[in-house]
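So, here's a batch of structures to check.
In the two complexes that follow, chain A is the common piece, with chain B as its partner first and chain C second.
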Partner chain A sequence: MRIVATDCGSTTTKAILIEERDGVFRQTFRGEAPTTVEEPFADVTLGVTNSVTELQELSGYRLIADDGTIIRRRSQSDADGCDLYISTSSAGGGLQMMVAGVVREMTAESAKRAALGAGAIVMDTIASNDRRKPHEQIQRIRELRPDMVLVSGGTDGGDTKKVIELAELIAPARPRPRFGGEYKLPLIFAGNKEARGAITRCFGGEGFALSIVENLRPTLEQENLGPARERIHDVFLEHVMAHAPGYDRLMSWANAPIMPTPGAVGDILQTIARGRGINVVGVDIGGATTDMFSVFGGVFNRTVSANLGMSYSISNVCAEAGMDSVLRWVHLDMDERELRNRVKNKMIRPTTIPQSLEALVFEQAVSREALRLAFIQHKAFATTLKGVQQQRTVGDAFSQDAVGKSLVDPMAIDLMVASGGVLSHAPRMEQTALMMIDAFEPEGFTQIAKDSIFMMPHLGVLASVNARAAMEVFERDCLILLGWCVAPKGEVRAGRPALEFTLSGGPSGGNAEVAKGQLVGGEMRLVRFPLGHSGKLEVRPEKGLDVGAGPGKPVKRTIEGGTVGVIIDARGRPLKLPTSPSVRRSAVAGWQKALEIYL
Partner chain B sequence: MSARGSLWQRIVGGLIGTLSLAALGGVSVSASAAPPPDFVEAIDVPWDAGGVLIVSWRVDGDPSAITGWLIERREEIDGAKWVTVSELPAAAREVTATKLSHDHAHRIRVTAFGESGQLSKGLETAPTLAHANFFIGAKLPLFVGILVVSTCVIVFILSARAGRPIKIRRIAALDAVDNAVGRATEMGRPILFIAGIQDMDNISTVAGITVLGHVAKTAAEYDATIEVPTSRSLVMEAARETVQASYLSAGRSDSYNPDLIRYITDEQFGFVAYVSGRMVREKPAACFYMGCFFAESLILSETGNSIGAIQIAGTAESTQLPFFVAACDYTLIGEEFFAASSYLSREPDQMGSLKGQDAAKLITAAAIVIGVVLATLASLAPDGAFPAALTWFKGVLGS
Partner chain C sequence: MAKAYTPGLKVTPRTTYQARRLLPVPGTVKVKHGDRVTADMVVAETFLEGDVFPIKLAAMLGVNPRELPELMLKKTGDQVAVGDPLARTKGIFGMMKTEAKSSAAGVLESVSDSTGMVIIRGPQPAVQVRAYVAGTVVEVIAREGVVVETSAVYAQGIFGVGGEIWGPLVVAATGHNADLLEGDITESMKGAIVLGGARMTAGAIRRAREVGVAAVISGGIDDADLRDVLGYDLGVAVTGSEKLGITLLVTEGFGDIAMARRTYDLLAATAGRMASVNGATQIRAGVMRPEIVVPIDGGGTGEVFGGGATAGLLEVGTRVRIIRDPHFGVLGTVSALPEQPAVLGSGSKARVLEVAIEDGSRVTVPRANVELFGE
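Let's look at the complex of A and B:
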C-alpha cells in the first residue's frame, strides 16, 4: 500500500510518502515546496503538485500525471501512483472562528473548547458576562472577519432569553467573512434546543448560513462537543475551503476530508493516548503562535496562545515574561540592550536563525518562557466543567475542592511531544529535552519525544482512514524518542541528598547495571541509555520528595532508551532558580554541562 | 447569718462565763480575756479597681488566749454601723476586705475572741479610702494582648494600603459564588438566598447580608433573578437596601425588583414550609443559606439537594454545620463566614484587619500550646523546674 499525505502550511507544503513494506507501514520519502495559496498563483494545488513531484523524484515512483493531478493505482501491482491521498491545511491562517455563549466560564468556554478542538483559532469569545457593554461587543463583532461563528448558550430546557439576546447582538452586527463578501458567513448554533426557533428567525435571513447541531452543554454536568466539532469540519470544507483558491480541486483529489492542521495533530495525539492508555502533552511552537495539546484521562484539550511565538511574537514573549525571566536561563554575560535589538530583528526578519552560540542560547531561553507561558494558559483552560453540582460527605468539611480544577497534572504526564522550529531544529537533542523540562516541569517519570519532521498532521488524517498505518508510522518514524526525565516533586535543599537511582538493562533488557548514583538537591545528571535499549530504573527519593508513589517512596519502572538518555533532575518541583545572579548563572552552567547542552 | 449567730452565741456565752466566775470567787474578768491587737493597719490595694483594703494587725501579748478574730468595717459617714467582714482563726494576721464603697473611707475594727468566747477590746484603723485606680495591674497581660493584636491589625492594614500583597487562603465556597450564579443563568432559573431566621441583632445575619451584597452584584452582572425570602421584617429591609445597592454598583439598577425580597413569617417552621414549597415549585438553580440556622438547616438543604441546585451555606452554628456540609456543595465554616466580607471585597483595610486578627489568633494558639506543654511537664515532674515555669507563665497571662 502506498499513501501520499500533504500538509498545506502558510509558507510551505509538506508531502510524505508512506509505504507498507514487509507488512509494516513506514514513512519513506519527504518532499517540500512553497505554498501557492496567495497571489500570483492563487491555487493551493500547485504547491501540492510541486511537493509531490519532489517525492516522485526521490522515490522513483510516478505520482503526478501530466495534467498535474495525483495518479491513483488501480491495483497493488501497478508500479506508479498511490492508493490513498490525504491532506491537511493551515494555509491562509487556518480556520479562524468567533464563538459566543451565555456565561463565559460555562457554555462560552465549551464553545471555545469545541472550536479549538476542531483546529480553529478563536479570535474572540462573546458572552453575556464578559464585562463589555453591548455596543462594545457589537463593535468587536464588526471588527472581526471570522471564517465561521459558533453560538452556544443555555442548557436544554434552560435559558432562552440570553441566547436570543446574544443572537440579536450578532445578527445586526453582520460580521463579514474573511474570504470576500459574496458568500454567507457560516454560523453554527449548538445551544438550548428550545431556542432554535428564535435563532432560526434571527439568522435565517441573508448574510448567514445557519446550521443547527445538538447542544454542546445539554446539561451543565455534561459536555457534548462531538456534533459541534464535526459540523465545524464540515462547514470548514463546504464553505471556508470551497472559497479558498484551489481547494475545490484539492478536495476532489483527497480520499478523506481535508482537516485543519491543528485538528489533525489533536486527533493523532488522542489516538496515541487512547491506544496506549497514557496521558500526553504536545506542543507546537511556531513563529506567531504556540499550540498546546493535552490528553488527560481521555479528555482532549487544545489551546492556541496567539501571542506566544519565536519570530512574529517574540517581542510579546519578552514583554509578557519580562527580560529578567528570559535571562535567568542564560549562563553567559549578555548586554540587555543588544538583546532587545536582537528580539526586534527576529520579529521583522522571522526566517533568520541564530548565527552564534550566544544567539542560540538566547533564543532557547526565550523559547523556554514562551513554552512556560503557553503551558500556564493551557492549564488554566484545560479544566473540569464549571457550574456542576457537587456531592459531599461530612468528611469533606475541610477539603471542599473547587470546581474548574485543572486536568493538567505534571505528575501524570506520561509522554511529552515537542514540535516546532526551535524544538525540532535545535542543534542537539539534549537542548530540546532541557527546553521541554524547564518549561513544563514534569514530575515523576516522563518520556520526552519530538516530532521528527512535523508529521503529526498527516498522521492525524491518516488515522481516520487507516488507524494501523497511522500508529505504526507514528511510533517508528514520526517520533524521535529523546529519553526520560525523572524529577521528584517537592522542595529540595541545595547540597543535601535528594535521591538515589539504579539503572539496569541493555540492548535486550536484562539486569546488567548501567548506572547507579546519588544526586543532591539542585543537581542534574544525564545517563546515556541509547535508543533500542530497555531496562529498569529504580529511584529512591529522600523523605518529602515524591517520584510518583508518594513522598519518600521508591519507584521502579521499565524504561526505553532514547537519543538523549535518562535525565535525572533533582532541582525539585516547583522549579526554583537561585535568586542571586552569580549563583544562578553558575547553577545554569552546571546543568548545561551535566547534560552536555552546549559543547 | 451563721456568722452573726455565732457572734451572739459567743457574746452570750462570754457573759454567762463571766458571771459564773464572779459568783465563784470574784476572779478578775480581764485575767482570762483575750489580749486585744496592739497594732492595726489598713492599706488600699494599689493598681486595682477599688473597694479593697488589706488589713493587717499585730499582737504583742500572749496569743495562746486568742481563739479567733472578728473583723468589722464601718463607713465613715454619720449613722453608719459596724458590719462584720469576716471571722478568722487565731493564727491569722491579715485579711482582705472587699466590696467596699469607693465613695467613703472605711474604718476597720479587729477584735480577738478568748477561750470562752469573750471578746477583747477592738482596735480600729484610721479612716482609709479604698479608691479605684486608673490602671488595674491585674489586667496588664490583657492590655499587652490588646496592644499586640491592635499592632498586628494596624501593621497589616498599613501594609495592605501600601500595596503589599496579602495572601488569604482560597475559600472554595466563596469562589463558587460565580459558578452558582452562572448555573442559574444558564438554566434560566432563579437564585434563592436565605439570610437565616434571626433578626438583625444577630451577628450571623449581618454577615449573611454582607455575602448577599456580593451574590446580588454577581447576579446583577449575569442578569439573573435573585429571590430573598426573610423571616424578619428588619432583615427584609436590610436585604432590600443591600440588593438595591448591588444592582446599582453593577450598573443594572433597572433590573432591581424589590418584590423578590419579601417577608414571610417570624414563625420558624411556617417560614421553612414556605421556602421548601417555593424550592420544590420554582426549582432554583442556586441556593444560598447564610446566617443563623437551627432545626430548619437540614430541611432546607435536603430540599435544595433534591432539586439539583448548587448550594452554598455559611453559619457559625456548630450544631448545624454537619448537616450543611453533608447536603450542600460548599459550606463556610464559622470564622470563614465572618471573613467572607473581606475575602470578597479585597479591600486593603478589611484584608489587613483579617490578617492582623489571624496573627493574633496564631499568638493565642502558641500560648495555649506552651501552656499545655508546661502543664503536662509540671504534672510529670512535680519536683523539677516546670511547676515554677508554669506558675510564671500563668502570671504572665494574668490567670
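Let's look at the complex of A and C:
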C-alpha cells in the first residue's frame, strides 16, 4: 500500500510518502514546495502538485499525471501512483472563528474549547459578562471577519433570555465574513435547546447560514463538545474551504475530509495518550503562533497563542516577555540596542535563519520565552469545568468554583513532544531538550521527544482512514525519542546535596551499572543512554524534594534510551535563575557545558 | 540545481503603476473612465451601516418583554433622537405611567418580545476613497471603485508606519549614506515627502512631526526611536492604520544602514515632483510592503504593477542584498550556488550561496538570508 499525505501550511506545503513494506507501514520520502494559496497563483493544488513532484523525483514512482493530478493505482501491482491521498490545511491563515457564550467562565469558555479543539484560531470570545458594554461588543463583532461563528449559552431547560439577548446583539452587528461577497456567514448554535426557535428567527434571515447542534454545555457539570466540533469541521469543508482558491479541486482529490492542521495534530496526540494511558504535552512553535496541546487524564485541550512565534511574532515575544527575561538564558555578551534592531529585522524579513552561533543562542533564548508564555496561557485554559457546584462540605456546598483547577500538572507529564522550526531544526538535539525543559519545567520523570519532520498533521488525518498505518508510522518514524528529564520539585539550596541517582541497563536491559552520582542544588548533568537501550533509573532526592513519590522519597523507574540520554536537573522547581547577572551567566554557561548544548 | 527563487523588493525607474481604489461596501463611483485625477481627488463614496445601540427597554420600564411591543411609542423604521420617549407603561387606571427615553439617536431597528431589548441604528458614516496617485481612470468597477493608472518611478520599502499620503518630494539628506538629522528638516518641508539617506534619527523624526512633514523616507530606523514614535513596542509587522500625522518608511531595515545608492539616486532625481507614499506593511501570508510612487510623464514599460510581493530567479550573477547578520545590509553579486547544504557557524545545515561583495571579498551565506536587489 502506498499513501501520499500533504499538509498545506501558510508558507510551505509538505508532502510525505508512506509505504507498507514487509507488512509494516513506514514513512519513506518527503518533499516540500511553497504554498500557492495567495496571488499570483491562487490555487492550493499547484503547491500540492509541486511537493508531490518532489516525492516523485526522490522515490522514483510516478505520482503526478500530465494534467498535474495525483495518480491512483488500480491494483497493488501497478508501478505508478498511490492508493490513498489525504491532506490537512492551515493555509490562508487557517480557520478563524468568533465564539460567544453567556457566561465567560462557563458556556463561552466551553465554546472556545470546542473551537480550539477543532483546530480554529479564536479571534475573540464574546460573553454577556466580558466587561465590555454592548455597543463595544457590537463594534468588535463588526471589526472581525471570521470564517464562522459559534454561539452557545444556557444549560438545556434553563433560562433562555440571556442567550437570545446575545443573539440579538450578534445578528444586527452583521459580522462580515473574510471571503466577502455573496458568502453567507456560517453560524453554529450549540446552546440551550429551548432557545432554538428564537435563535432561528434571529439568524434565519439573509447573511447567515445557521446550523444547530446539541448544546455543548447541557448541564453545568457536563461538557459535550463533540457535536459542535464535528459541525465546525463540516462547515470548514462546506463553506470555508470551498471558498479558498483551489480547495474544491483538492477536496475532490482527497480520500478523507481535509482537516485543519492543528485539529489533526490534536487527534493524533489524543490517540497516543489514550492508547498508552499517559499524559502528554505537545507544542508546535511556528513563525506567527504557538499551538499547545495537552491530554491529562484523558481530557484534551488545545490553545493557540497568537503572536507568540519565532519570525513574524518574534518582536512580540520580546515585548511581552521583556528583553531581560530573554537575555537571562544567554551566556554571551550581547548589545541590547543591536539585539532589538536584529529582532525587528527578523520580524520584517521572517524567512531568514541564524548564521552565527551568537544569533542561534539568541533565537533559542527567545524561543524559551515564547514557549514559557504559551505554556502559562495553556495552563490557565486547560482547567476543570468552571462554575460547577462543589459539594465538599456543608459550608461551601453552594459555592461556585469560578476559578477551575488547571489540569496541567508538571509532575504528571509523562511525555513532552516538540515540533516547529526552532525545536525541530535545532542543530543539536540537546538544544531541543533543554529549550523544552527550561520553558515547561517538567517535574519528576518526563520523557522528551520531537516530531522528526512535522508529520503529526498527516498522521492525524491518516488515523481517520487507516489507524494502523498512522500508529506504526508514528511509533517508528514520526517521534524521535530524545530521552528523559528527571527534576525534583521544591526549592534547592545552591551547592548543597539535592539528589543521588543510579542508572543501570544497556542494549538489552539488564542490571549493568551505567552511571551513578550525586548532584548539588543548581547543577545539571547529562548521562548518555542511547536509543535502543533500556534500564532502571533510581533517584533518591534530599528531604523536601520530590521526584514523584513525595518529598524525600526515592523513585525507581524503567526508562528507554534516547538520542540525548538522561538529563538530571537539580535546579529545583519552580525554576529560579540567579539574580546577579554575572552569577546567572556563569550558571547558564555551566548548564550548557554540562549538557553539551553548544560545542 | 543552480537556480532558486528568492523574494525581493521592487525598485524601478519606470513602470506602469495601477492603484485599485475600492470601497469597503458598495457605493457611488464619482469619476468615469478616462478621467484624469489627482491624488487627493475623491473617486468613490459610500455610507457604512450605522453603529448599533441596544437598549434594555423592558427592564427600564419594569415590564415583561412580551408586553413591550404594545407599549412602544415608536415603530420600527422611525427616526429617534436622544431623549425621545420610546415606550410608556399603561400605568394604574391611567396614572403612574412610566416612560423610557432613548439614549441614542438613529432609526429604531427592532423590538424583541423575547428579551425586551430594542436596537437603535445610528447615522451612517460616510466613507470616501481618494485616487492616491495622480493618473488616469482606466477601469470603473460599478458601485465599487476604480483603477487609476500612471507611469511612475516606483520603490518598495521594507517597513513603514502610517497610511497613504502625498506631497512634493524634497531631498533632505546629503547622500545615501548620511543619517537624517534634526537640522536637515526645515519649515519649508511642511506637507512634503522628505527623502533621507541612512538612518532617520529621533531628532529628525521629532522635527518632521513638528513641522508637519507628510512622510519621511530613509534607509533605516532604530527600534528604540520607532517605539518612541508609536508609544509602544511593535509586536507584529501589521501597520498602516496608525494615527501619527506622519508616514515613516524605511527601505533597508532597522539600525544604522545606508539607503541603497540606486534607490536613493532614483528617488532624488524626482525631487520637486508629486509623490504618493503608503507606509502600510503586512508581513503575513499575502505580504504587503510600503511603497513610494512618483508619477512621471510618458508611457510605462508595458508591464503593469500594482504593488504586492515580488520574487525572482536567483542565479550566478544576480544582484543580491544580504539581509541577516553578520553581513546585514551588504550588497553583492551571486558568485556560486553550491548544490550541497553546508554547515553554518551556528551548527545548522542549510543550502548556501557565495556572494562577491563590492570590496572584492567573498562571503558564504544561507540562501534564506539574501533578497534580490534590482528590477
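Quick note on the criterion: the second predicted complex is superposed on the first by the 588 of 599 C-alpha atoms of A that agree within 3 Å, B and C clash if a C-alpha of one lies under 4 Å from a C-alpha of the other, contacts with A are read in each partner's own complex, and residues count from 1 in each chain.
In the analysis below, contacts are C-beta pairs under 8 Å (C-beta built on N, C-alpha and C of every residue); 3 or more make two chains touch, one makes a residue touch a chain.
Just so we're clear, the structure is a prediction, and the values are computed from it rather than from any experiment.
With both structures placed on the common chain, the touch criterion links A:37 to chain C but leaves chain B unconnected. Using the contact criterion defined above for the overlaid structures, shared-chain residue A:161 touches chain B and also reaches chain C.
Look at A:347: by the touch rule set out above, it reaches chain C but stays clear of chain B. Once the two complexes are laid over each other on the shared chain, residue contacts for A:355 go to chain C alone; chain B is not touched. Once the two complexes are laid over each other on the shared chain, residue contacts for A:264 go to neither chain B nor chain C.
More residues of chain A are in touch with C than with the other of chain B and chain C. Once the two complexes are laid over each other on the shared chain, residue contacts for A:153 go to chain B alone; chain C is not touched.
The interface of chain A with chain B overlaps its interface with chain C at residues 160-161. Contact residues on chain A toward chain B in their complex (touch as defined above): 102-103, 105-107, 128-129, 131, 153-155, 158-162, 217, 220, 386-387, 389-390, 392-394, 396-398, 400-404. Across the complex, chain A is touched by residues 170, 172-173, 175-176, 178-180, 182-183, 185-189, 221-223, 308-310, 321-322, 325-331, 333 of chain B. Chain A contributes residues 10-11, 34, 37-39, 91-93, 134-135, 138-139, 160-161, 164-165, 168-169, 172-174, 198, 288, 307, 312-313, 315-316, 318-320, 337-338, 340-357, 359-360, 425-428, 598-599 to its touches with chain C in the complex.
By the touch rule above, chain C contacts chain A in their complex via residues 5, 7, 49, 51-54, 65, 109-110, 112, 114-115, 117, 119, 121, 158-159, 222-224, 226, 233-237, 253-255, 281, 283-286, 308, 323-326, 328, 344-350, 365-366, 368-369, 371.
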